[in-house]
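Please find the structures below.
Both complexes shown next keep chain A, but they swap its partner, so chain B is in the first and chain C is in the second.
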Partner chain A sequence: MISRLIDGVPKRALILLGLLFAALLVAPLVVSGYTLSVLILVLYFAYTGQAWNVMMGFAGQLSLGHSLYVGVAAYTAAALYVHFGIGPWAGVWLAILISMACGLVIGFLAFRFGIGGVYFALLTIAFSEFTRVGFDHFTWVNGSGGFFLPVAQYSVNDPLNLRGSPVMFYYILLAITALAFVFCRWLLTGRIGYYWLAIREEPEAAQTLGINIFRYKMIAVAISSGMTALSGVFFAFYYNNLFPEQIFSMNRSIELILGPIIGGIGSLFGPILGAFVLTALADGLNEFMVHFGYEMPGVKLVFYGLCLLAVIMWLPNGIWPPLRKKLGLGERL
Partner chain B sequence: MSATPLLTVEGISKSFRGLRAVYQASLTVPQGSIVSLIGPNGAGKTTCFNMIAGVFAPDEGKITFDGRSLTGLRPDQICHAGIGRTFQIVKPFKELTALENVLVGALHKEASTRQARKKAEAVLDQLGMLDKRNQPAAQLTLPERKRLEVARALATEPKLLLLDEVMAGLRPTETDQMVAVFRELNAKHGMTILLIEHVMRAVMALSQQVVVLHHGEVIARGEPENVVRDPAVLECYLGEEAAV
Partner chain C sequence: MPAELIFNVAIQGILTGLVYGLMALGLSVIFGVVRVVNFAHGEMMTIASYAAIIAFGAWGIDPLVAMVPIAVVLFALGYIMQAVLINPFINRPEHSQFMLLAAVALIMVNGLLMIFGPDARNVMVDYALDSFEIGPLLVDKVRVITAALAMAITAGLFAFFKLSRTGKAIRACADNHMGALVVGLNVKRLYALTFGIGSACVGAAGAMMALLIDTTPNIGPAFTLQAFVIVIVGGLGSMPGALLGGVLIGLSEAMSGLFFAPSAKSMFAIAILILVLLFRPQGLLGRKA
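Now for the complex of A and B:
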């Protein structure tokens, strides 16, 4: 069970991963507050990209509505905390369940009736859009006016209630991202993973080999939406404010998937690398411009566009797959 | 044939928007035998296969396998019943290696990926493809992909193997190799095989029985030597090919 996690992974890959993890562990001790906030964003996108990758990269089901799962989970955990005083570590379970339920409903409607590809993607957009409209009028969480968590200066970190300094948020997010990476590796090396890849490559052939493709697509949606729920809960407690217009917006869904697309869809490390490249470099560029006296608020989006363009033109499988080949890190990382 | 039938197809028909693809076709595949389904292009052979394999249900008729009805089952349920198939137009999992392709099939019976990997290696070896195991399926040649189709189906340990034109596009020597593989499977492991084939060299070498389909209807059946002498068959099928 455990040995399959590292079976066939070259030693140098394990060493590099260990070094990266160690570097991320000590990072808060050496970097500035601003850099730390960028690193938190990087990890947020790495983790969420990983969750999305389960559905698209592994099982081949394109979702353009993952903001739905982020938003629903964020609102669930926040509402439980504000209205009932239930802390995030308890609330997260309900958030996961509700996100999964949303995913399963969409999945059931699509897969039961054989909707795939672009039409499935449109369905996911539709669901996140009308959830956004619904939340605009959901007065229990203050509708379009925005829902706020109480904010105060915390002298002591309170991890149980996710109240505290960015450093605490950073470490929690780092742990979640690392666990997700291991979890996805575990999934991918097992029966589920092989079945997903088969479904992604040739659904008809997969079915002929005895795979119940409806069931395995549903499992992919459930795991992906459940994982994405954690991002939502984190988002709510880190930013302390939720607006339907923002959290459910299609922009958010797109933003979430740029990382894995640029990093390499279907690979394990691609979403992480993609998040680093996009977030760190885009913010770095912003800083650089400001430093030299150019205020250009849109430069980040231009950078995203250029990155996508470059990747589509020269590296259609993303940055990571050719890189891992060059570094000799095996085929399935 | 005295052996008990493993697969019985009774009067199945299928129309696509009024186009009659198969009409009241019947055939039996006895346990442990090799039966060929032949006929000119568009005769309805693959449609027959698709009905047996559960891609779509017949408009009428019955399909019985190993004592149970298959009518209306999905392809994955057909696989569970014990039927493996290959596709005429090969459908490899392109991004996966040859070994992983077969491993997916082996997982059908094996409990762990480790065991499935071992079984997949054994099946690849059986088909003489062990040296290609780490190549992505996308990089395999057409004959190799055809063998991969067979390997993948075999890995599910079927009682009946449906082969849809696995010899098409192979060179004569490659055809002979394939024929040898199926002969061995049949003789050593008692594998029952139903194949669609255009390559008469393979049909004559392999089959104990031949069923000829023309315009969706069965026009002849019997031992290969007799069928190829049947005037109706000669006219509709072999005659055409000979004229080319």
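Now for the complex of A and C:
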């Protein structure tokens, strides 16, 4: 059970992972508040990218509507907290359940009616856009006016209600990201991971071998949407404000999946590396622009787009797979 | 609610929908032949709208005239995009193609933002407020002209694909990629040509849209999505289907704006999409794959 997590992983890969984790553990003690907020963003994208990767990278189902799960979970936990005083650690379970239910409904409709590939991707966009407009008119959570959590200066951290300093959020997110990494490794090395691999590569052959494709695709959607729900709850309590326009937007869905695509779809470390690279890139461009007093709107994102274009043109499998080969870290990380 | 009002709004919606249909036609042609999802479609339309706005602002050229050179420029843009960027991606997985075009879309939106800023712009031609009176109904002149042009362009394109040798060759590529290669068609060049034709459609539609709506750099993604909705509702690869889809979506937008809230209009379009995807995935006028 435990041994399968590290079987076949070169020792130096484990050492490097350990070093990275240790560095992230001590980071808040040494870095500035600003850098910490950037690191929180990195972990947020790493975790959410990992969750999306379960569906796309493992089971091969392209979802372009993951902002739906983030948004629904964020609103659920926030509404429970604001309207009923139910804390996030209780609310998160309902948030996960509702997110999973959304995922399962979409998955059921799509997989039962044989919708795949591009059509599936468009269906996921359609559902998240549908929900966005719905929430714009959902007065219980203040519609398009935005839904706010009460904010105060917290002298003491209150982890039970997720109220406190960025450092507290950082450590919670780091724990979640690390657990998700281990969980995904566990999934990949188990029976289900191999089933997904078969479904992703050759669905017909997988079916011939007696794999219940429908069931395992549904499981992938359920796990992915449930994991994504956690990012939503985190988002709600970290940023304290929710706007349907932002949280459900198509741009948000795209932002979430850039990390794993740039890092390397289907790999375990790809989403984490992708999150680091992209956040560093966006932030670096920001600094660069400010430094040269070049603050024309749009310039930054044009550069960002050009960088994405370059990566996708010349590194079709993402950054991580060629890198891990170079470092001699095996094929399954 | 008076019946004339409902009819007036419905006709407005149908006429606007025909222009939407022309825009979506470009996507349908590209997707139907090249099998690549053009995620930068709405952004290309926005580029065309800005070109029309500049032509009008700088030289006073009517967008309906500027439409011709704009379509030519967009044709070139599409041809180059396919030849340089997309052809190497033909055999890559879908998510890879998606990323490529999402990056192109990002560059286009923000390039426009850099050049023109975030403010909304439009074109006020001197006949902008004219209308035809048919009995109790008032119909905008601009909408009638643009809708007629959209139908004429679609008919022209239909004839091109049915009658010309190049059009037939392109359809052959769409029907059987391998077969087209075997009989010696230059598939890559035909793909580039197809992408160019689709882009010219969206160019013409963009020039017309400059007359109908306010343009900002950020409307691109919404129109990309809308083009997809229309194409899937109408039926992929069906040219009348694109127009029918456009009309349906235009009508549903107008009606939901009238009976509910204008901000809820895209919800109805998407509800139609979801229903069509589930119960008639090949689209209303599409052939079964």
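In this section, the second predicted complex is superposed on the first by the 327 of 333 C-alpha atoms of A that agree within 3 Å, B and C clash if a C-alpha of one lies under 4 Å from a C-alpha of the other, contacts with A are read in each partner's own complex, and residues count from 1 in each chain.
In this section, contacts are C-beta pairs under 8 Å (C-beta built on N, C-alpha and C of every residue); 3 or more make two chains touch, one makes a residue touch a chain.
What you see is a predicted model, and the numbers here were worked out from it, not measured in a lab.
Novice: For A:Val105 in the superposed arrangement: first (chain B), second (chain C), both or neither?
Specialist: It touches nothing on chain B or chain C.
Novice: Please work out whether A:Val302 is in contact with chain B alone, chain C alone, both, or neither, and reply first, second, both or neither.
Specialist: In the superposition, A:Val302 contacts chain C only.
Novice: Considering only touches as defined above, state whether A:Ser144 meets chain B (first), chain C (second), both or neither.
Specialist: A:Ser144 sits against chain C, while chain B stays out of touch.
Novice: Please indicate which partner A:Ile6 is in contact with in the superposed arrangement: first for chain B, second for chain C, both, or neither.
Specialist: A:Ile6: touches no partner chain.
Novice: Which partner does A:Gly117 reach: the first (chain B), the second (chain C), both, or neither?
Specialist: Touch partner of A:Gly117: chain C, not chain B.
Novice: Touching A:Asn212 in the superposition: chain B (first), chain C (second), both, neither?
Specialist: first
Novice: Tell me the contact category for A:Tyr194 with respect to chain B and chain C: first, second, both or neither.
Specialist: first
Novice: Going by the contact rule set out at the top, does A:Asn251 touch chain B (first), chain C (second), both, or neither?
Specialist: second
Novice: Applying the document's definition of touching, compare chain B and chain C: which contacts more of chain A?
Specialist: Of chain B and chain C, the partner in contact with more residues of chain A is C.
Novice: Where does A:Glu204 make contact in the superposed view: on chain B (first), on chain C (second), on both, or on neither?
Specialist: It touches chain B, and chain C stays clear.
Novice: Which bits of chain A are touching chain B when the two form their complex?
Specialist: For this pair, the touching residues of chain A are 4, 189-191, 194-195, 197-198, 201-202, 204-213, 266, 331.
Novice: Under the touch definition given earlier, write down the residues of chain B that touch chain A in their complex.
Specialist: Against chain A, the touching part of chain B is residues 53, 55, 74-76, 78-80, 84-85, 87, 91-97, 100, 103-105, 107-108, 113-114, 152-153, 155-156.
Novice: In the complex of these two chains, what residues of chain C are touching chain A?
Specialist: 37, 85, 88, 92, 94-96, 98-100, 102-104, 106-107, 109-114, 117-118, 217, 221, 225, 228-229, 232, 261, 263-264, 266-267, 270-271, 273-274, 277-278, 281
Novice: Chain C touches which residues of chain A in the complex?
Specialist: Within the complex, chain A touches chain C at residues 56, 62, 64, 109, 113-115, 117-119, 121-123, 125-127, 129-130, 133-134, 136-137, 144, 250-251, 254, 258, 261, 265, 296-302, 304-306, 308-309, 312-313, 316.
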